[in-house]
Amino acid sequence: MVKVQDILNKIEEFAPLSIKMDGDPSGFQIGDRDQEVHKVMTTLDVRPKVVKEAIDNGVDLILAHHPIMFHAARNLDLSSPQNQMYRDLLANNIAVNASHTNLDKAHGGMNDWLMERLREHVDIKDSGYIDPDDDYSIGRVADLTTSMDVLEFAKKVHDAYELKNLRYVVSEAGQPVKRVALIGGDAGKFYPEVLKSGADTFITGDVYYHTAHDMMSAGLNVIDPGHHIEAIFIEKMAHKLADWSNAYHWDLDIIKSEINTEPYNFI
Amino acid sequence: MVKVQDILNKIEEFAPLSIKMDGDPSGFQIGDRDQEVHKVMTTLDVRPKVVKEAIDNGVDLILAHHPIMFHAARNLDLSSPQNQMYRDLLANNIAVNASHTNLDKAHGGMNDWLMERLREHVDIKDSGYIDPDDDYSIGRVADLTTSMDVLEFAKKVHDAYELKNLRYVVSEAGQPVKRVALIGGDAGKFYPEVLKSGADTFITGDVYYHTAHDMMSAGLNVIDPGHHIEAIFIEKMAHKLADWSNAYHWDLDIIKSEINTEPYNFI
Amino acid sequence: MVKVQDILNKIEEFAPLSIKMDGDPSGFQIGDRDQEVHKVMTTLDVRPKVVKEAIDNGVDLILAHHPIMFHAARNLDLSSPQNQMYRDLLANNIAVNASHTNLDKAHGGMNDWLMERLREHVDIKDSGYIDPDDDYSIGRVADLTTSMDVLEFAKKVHDAYELKNLRYVVSEAGQPVKRVALIGGDAGKFYPEVLKSGADTFITGDVYYHTAHDMMSAGLNVIDPGHHIEAIFIEKMAHKLADWSNAYHWDLDIIKSEINTEPYNFI
Amino acid sequence: MVKVQDILNKIEEFAPLSIKMDGDPSGFQIGDRDQEVHKVMTTLDVRPKVVKEAIDNGVDLILAHHPIMFHAARNLDLSSPQNQMYRDLLANNIAVNASHTNLDKAHGGMNDWLMERLREHVDIKDSGYIDPDDDYSIGRVADLTTSMDVLEFAKKVHDAYELKNLRYVVSEAGQPVKRVALIGGDAGKFYPEVLKSGADTFITGDVYYHTAHDMMSAGLNVIDPGHHIEAIFIEKMAHKLADWSNAYHWDLDIIKSEINTEPYNFI
Amino acid sequence: MVKVQDILNKIEEFAPLSIKMDGDPSGFQIGDRDQEVHKVMTTLDVRPKVVKEAIDNGVDLILAHHPIMFHAARNLDLSSPQNQMYRDLLANNIAVNASHTNLDKAHGGMNDWLMERLREHVDIKDSGYIDPDDDYSIGRVADLTTSMDVLEFAKKVHDAYELKNLRYVVSEAGQPVKRVALIGGDAGKFYPEVLKSGADTFITGDVYYHTAHDMMSAGLNVIDPGHHIEAIFIEKMAHKLADWSNAYHWDLDIIKSEINTEPYNFI
Amino acid sequence: MVKVQDILNKIEEFAPLSIKMDGDPSGFQIGDRDQEVHKVMTTLDVRPKVVKEAIDNGVDLILAHHPIMFHAARNLDLSSPQNQMYRDLLANNIAVNASHTNLDKAHGGMNDWLMERLREHVDIKDSGYIDPDDDYSIGRVADLTTSMDVLEFAKKVHDAYELKNLRYVVSEAGQPVKRVALIGGDAGKFYPEVLKSGADTFITGDVYYHTAHDMMSAGLNVIDPGHHIEAIFIEKMAHKLADWSNAYHWDLDIIKSEINTEPYNFI
C-alpha cells in the first residue's frame, strides 16, 4: 500500500522543489497527501478532458509537468472552467502534483530526456550544461560530430520529436549547426545565456517574433519545435514511477494520458 | 424557483460591490451561480462547524458577512483545514457569497443596523455619517440627548449588544460621552477620520494596544465591544432575504446559523 | 521639396502618438527632421538587410511599423548588430520613423487594413470596435453573414493573408465561427476584452501555449496567422504616402521594401 | 558618577540592538548621552502621565520597553500630545531609552522573564526556543509536566500575570495543553513559526479576530493575556539595573513607575 | 495681542500650503500655535547661530524660508546639532514656521521679489510665468528691452543681488541674452520647462556640473548666483509682516536676522 | 599594431569595471572594439567641441573620465546635440571609452592622483583609505604634518589644482585642518563615511547648499575646488597610456585634449 505522500517523497529526491525557478508554483497542488494510491496517470497538462479521462479511469493521482494552478484562485466560482476542474478533481478524490521547472533542471530530468531523444537522431560527440558552473543549469548543450546546415538539422529535430509542424530561424551570420543548446518549454528570453555557452543553434519553443529577430542578429540559429515536445514527460515519468513501484513494492497501476493537450492545429 | 444569481442581483442592488474597500474580496466566492436555491443560511463567518451545519441542514447557499476566501488559494492541498472547507462546500453543492465592506457602507447596512440597536438602549437626538460629504461613509456618528460618563455609556453598549466582555479606554482629556462614532469590525486605524467628525467617543472592535494609547492622547474615549457584534448580520440579513422572498415569490427556506463563531472565551 | 518633418506631421494627423500604448517607443527614432526627402521606403521591420536595401536604393526616410529602437541604447558598441544598423543609417543620412500601436488603433489604420483584407475573403455583415465605447479601441470585431466551422474559417484567413503556415485553436465549447475579433501583432493577453465584445473567435499572432489553453477553456476559437501579416503595412503605408505626395505636390519617390523580414521558416 | 552612555553600554551588552527586528526603532531616543544620571525610572510605556511622574520625581533617565518614538517626528507642533511629551522631557533633561524587540529576544530578557513567571504557577519539565536553530529566537516553548485542559491552563496564566481579564481560544482539534509557546507583545502573525515548534498552545497578546480563526483551524489553543503583561519589565529591568549599579558602584537611585499604562478597562 | 496661529493664517492666505511641491515639509514646524507673539524674526535658514540670535533677542516666532526639519526626526538624541536646535527652540518657547516652495510660487512671493530686484538693474519690457497656463508657475520669465552679451548680463545680476561670487555658463549656440527665466533656489533640473518658455538664459542657483553641460548643449546661457540670493526673504517677509501688523493692530516687534547663513566663503 | 580592445584590456587590469559604483555606465561606449588605433586623445569630458577636436586631429579613440552616455539613448533624433555627437563620432570612426568611478577607486587612480598633487603643496605625514577595510575605498584620507587654519589650507588647495575659484565652508566646531578626506567629483552625500574616517576637513566638488549646512553642523570643514579638478585625468591617463605604449611597442600617437570643458566662468 502506497500513499500520495510516499510518491511525493520520491519525486522530491529526484527533482527537489528547492531548485525550481522563482514564481513557479510546482509541487503538490490538489488533494489529500494521506490518501492511498492505486492508480496514477501521467500527463503533460491538466486540462478539462484530462480530468475527465482521469475520472473515467478511476485515477487517484495525476502527475503533471505543467502546474494546474499557475495562478492562485481568488474564488471558486464555477462559471470558470478552471474552477470546474478543481471541483471535479476534489469531488473524485483525485490528487494532482506538478513537477515543472524543478524537473526541467533535475539530473536525468526533462532537458536530459529531450537531449537523449535528440541523440537517437543526430550524432553527438559530447554534451553538458549551458552554464557548466551551475549544478542545476537551465539547459543542456551538445556538440554534433559533424556540422550540418540548418534545414537538415531542423528536419532531424522534426523527426526526433515526431512533429507535425516546426518553425526555424536562420542566423544572419549564416553559420551551420555545430554546437546546439536545448531548453524545453519557452526559453527564448534566456538566449544571452545560450550565447555565453558558445552554442550556434538554440532549440526551444514558443519563440517570440521580436526575440527571433534579436537571436538572428546575435548569431543564433533557432529551432522552435513548439512547447508540446515536453509530452515526452508522459512516458518518461510513467517509466520512472514504474521503477519506483517495483523497487518499493507499491503495487501501483500506472497509466499514460492519451489526451492530446497540444492546443494548436496547423494548416 | 430562484437561482443563486437572482439573489446575488438583489444583494448587488442593496450593497453594490463598487463601494467595497480596496483589497476586500467580497462577492460571490464559491459555487454555481446557475444553481437553484431552496434553502439559504445566514452566518457571520464561514468556519468548519458552520460548513457542517449547512451540510446537515441541506443548505444550497450561504450568505456571510466575512469572506471565506480572505486570501487567494495557492493550492487546494487538503492538509489545510481552510481547503477542506472549500472541498466540503463544493462536494455538497453549497454556494457562498460574502457581503463585507460593501455591506458595512450600504444605506441600511451593517453600520446602520448597529446604530439602530444602540438607539434602543441610549437616547439619541440625531445621527449621520462620519464623513458627511461621502455618500457611502465608512461609519456613523450620533449625538446623545444627554451626555454621560464613559463607564455608564460602556454599560449601555454592553447591554445593547448582549456582550459577555467589553473593553473601554478613557480619553486623557477626560470628557464625558456626547458625540459617538460607530464603525463595525476593527476600524481603529480610522481614528483620525473619527476625530474630524467631532466625535468624543468611538465604538469599534479589536483595538490595538498602541492605537489605544494614541486615541487616549488624541482625546477619544473608546468602546471596544469586540468584532463579534457583527453577528447582528445573521438576523438582519435573514430578514432582508425574507422580504425579497415574499416580494418575488421565491419560495425560499431561510435559516440562521446557530453556531457561535466568536473565537474568544473570557475569564 | 519636402522635409522629414512635413511627412511626420501628416502621420501625426493620421495616427497621433497620443493614442499609442504605454511603453511603445513609436515616433521619430533616427535622423534629421530637417533633412529633405526624395525617396521613402516602407517596411514592416528595420533589420540589417532592410538597412542595406535602403542604402542600395538611396533612400532618405524609412517608414516602419515596428520600432527599430524597442529598447533604449545603453551604448553604441559596434560589436552589436543592432548598433551597426544605427551607425549605417546615420552614416547614410537615412531617417527612420515608426508607427506602431498608434497606427494599430488609428481610424483606417492597421486593424482596419487587416479587417478590410479579411472582408475580401469572407462575407461580413457588420463590423465595429472591440470596445465600442473607446474611440481608439485596440481591435475590431465583425459578424459573419453565415457561421462556419473553425477549419473552414481558418482556411479563409490562410488565403486572405497569403500564409504558408497557420495555427488555430478550437474552443472547448465547440461553437462555430460567427463573431470574429481581430487584433494585429501579438494580442493574446487581451483575450478578456475580446470575450467582453461577444466574439467567439479571435484572430491574433504569436499566441502563447498556456494562454491558448486559457482561451480554449474560456470558449474562444483562436486563429493565429503569425505576426508577419502586418506586412500589409508596406503596401498600405506606401499608398497613403502616395496620396499625400499627390495632394501636397511633394515630388516623392516611394518604394516598398522587398526584403522578407518574417524570421520563421516552416517544415 | 555615571553617565547615560555608561548605562546604554551595559544594556547593549545585555540586549544588543543588532538583534532587534526590522523597523523597530529601539535604542536611545531622547536626550543627552553625556548627562550624569542620578535617578532612573523603569516603565513599560512612556505616556503623558509617566512623563509627569518622571518630572515630579526628578528622574534623569527613563528606561522603557516600548519606544516613545514609534514614528519619526515630521514636526514638533505642540498641538500634538505626543510632541508635548518630547518637549517636556527635553525641558526637564530627562533622557529616554527603549529596549523593545532586542530585549524580547535577549537571553534572560522579556520572553525569559515571562516564562519564568509562568513556571512559578505551572509545572514545566523543559523549555527552549521556538526556533532552536536561532540563537535569538523570537519566543520560547515549554513542555508541561502534565497536560491539562485549556480552561484550567488559562486560569493558571490568569493567576501568573495577575490579570483582570483574559481571552482564550480553543483549537478545533480539541487537544489539551501540553507544549506551550510564549511570545510577549502581539505576535499572532508568527503562528506558523509556533506550529513548526510543535506547540499545541500559544500565549500571546492582542490576537486579531480572523487570525484567531486561523489558529483555531490550524490546531492551536491560544491564550491572550493582553499586551500589558509586559509590565513585568518595570520590576525586572529595575532589578537588572540595581545589579549593575552595585557591581560598578554607580550610586544610582532606581524607581519603578507606578502609573498603570494599561489603556483598557473591562466590564 | 496676536497669537502664532493668527500669523499663520495670514501666511496661508498669501502663500497657501496647497501649492507647495510634493515632499516639501513647509508649514508650521516647531512650537505652540496658541502662544502669544510679541517679537518675530525673519531668516533665510534656521541654523544654530540663528537660534542663539533668536534666544538672545527674546524672539517668540521665527519665520524662515527653508524648513528647519527637512527630514523627519527619528530620534531626539542631543549628540546631533540638529536635535540641539530643536531642544533650544522648545526650551525657549520659540515657534518656527517655514514658507518654502509655497512662497516660491505665490503671487508676489520669492520669484517675484527676485524679479523685481533684477528689474531695478536691467531694463525689462515684459514679464510673466515660465508656464503661462499654470497659475502657480515654478518661475518667472522676462524679456529684456535690449539684448546684451552674457558677461554683461552676468555683471548686472552680480550687482542686483550684491554677490561676492557668481558663476555663469555660456550656451554652445552663443546667443546673447534676450529672454530670461528665473527660479530661486536650485532649479537646474527644471531646464526642459525653461526651454519650453522660449528663454535663452536661465538664472538659478547650485547648478550641477553635468547639468551645466546639458544646458550649454541645449542652447541655454546660465547665470548661477548661488542659493543665498534668497536672503531677500529676510527683508521682504519682514515688510510683509509689518504691513499685516499695521493693518490688524498686532503690536508686533519685527526683527531681521543679522546672521549670515551663506555656508560658502570664496577665494 | 594595436586595436581598441588591446587598450581596453590594459584599462581593465588597471581599473576593473567590477569595482565601479551601481548605475555608473563606465566602460566602452561608442565604436568598434576591433578597429586599429593610431591616435588616442585623453579628455575629462566628451562635449561637442571635444568631438570636433578629435575629428580635426584624426583621433581613433577617446579615453574620457566622464561617460559620454550617462543616460541610455531612447532615440537618435539629431535635433538633440547629444545625438549629434554620437553621429559625428560614428561617422568618423572614433571610439570612446569612459573610466569613471572604477578609475576613482582604482589603486593609483583618480583619488590617488589628486592626493599626490595635494602632497606637492602641503606637508602630509601619512595617507590611506577613507574606509580602511575596503580595498577599493571611495576616497583617501591624509594627516597633515602640521595643522593649519581653514583659509590657509584652502589657499594651498587653490594653488595645488591651479583654480580660478574655490569655495570653502568652515565647521561650526571651528577646528583647524589636521586630517583631510579627499574624493574627486561631487561626493557631498558621502560625508557620513568621511566623518567615520576621523577627518576634520573634506575636499570634494559641487557641494549642495543644504548639505553644506549639514556638514558645518556635523563638524566638518569643506573645501570645494569644483568638479573640474578631475581634468588631471588628461595628463595622468596620457602618461599611463604612454607607459603601456612603450612597454607593448604599440606605436601610438597620444594627444591631450586642449579644450577646456569647465562649464563655469566666474565673476
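As written, the chains take the letters A, B, C, D, E and F, and residue 1 is the first residue of each chain.
The criterion applied here is as follows: contacts are C-beta pairs under 8 Å (C-beta built on N, C-alpha and C of every residue); 3 or more make two chains touch, one makes a residue touch a chain.
In this text the structure is predicted, and so the values were computed from the model without any measurement.
Engineer: Please state whether E-F or C-F has more C-beta contact pairs across its interface.
Structural biologist: Contact tally favours E-F.
Engineer: Measuring centre to centre, with centres taken as mean CA positions, what chain is farthest from chain E?
Structural biologist: It is A whose centre lies farthest from that of chain E.
Engineer: Measuring from the mean C-alpha position of chain A to the mean C-alpha position of chain E, what distance in angstrom results?
Structural biologist: 65
Engineer: Between chain A and chain C, what's the gap in Å when you average each chain's C-alpha atoms?
Structural biologist: 33
Engineer: Distance between chain A and chain F based on Cα centroids, please, to the nearest Å.
Structural biologist: Comparing mean C-alpha positions, chain F is 53 Å from chain A.
Engineer: Out of chain A, which residues touch more than one other chain, so two or more?
Structural biologist: In chain A, no residue touches at least two other chains, as defined above.
Engineer: Is the chain-to-chain touch network here best called a line, a ring, a star, complete, or other?
Structural biologist: ring
Engineer: Under a traversal of the ring that begins at chain A and continues to chain C, how are the chains ordered?
Structural biologist: A, C, F, E, D, B
Engineer: For the complex, which residues does chain D have touching chain B?
Structural biologist: These residues of chain D touch chain B: 45, 47-49, 66, 70, 81-82, 151, 154-155, 158, 163, 165-170, 172, 186, 205-206, 208-210, 212-214, 216-218, 224, 226-228, 261, 263-267.
Engineer: Along chain C, where are the residues that touch chain F in the complex?
Structural biologist: It comes out as residues 25, 27-34, 69, 72-79, 86-87, 90-91.
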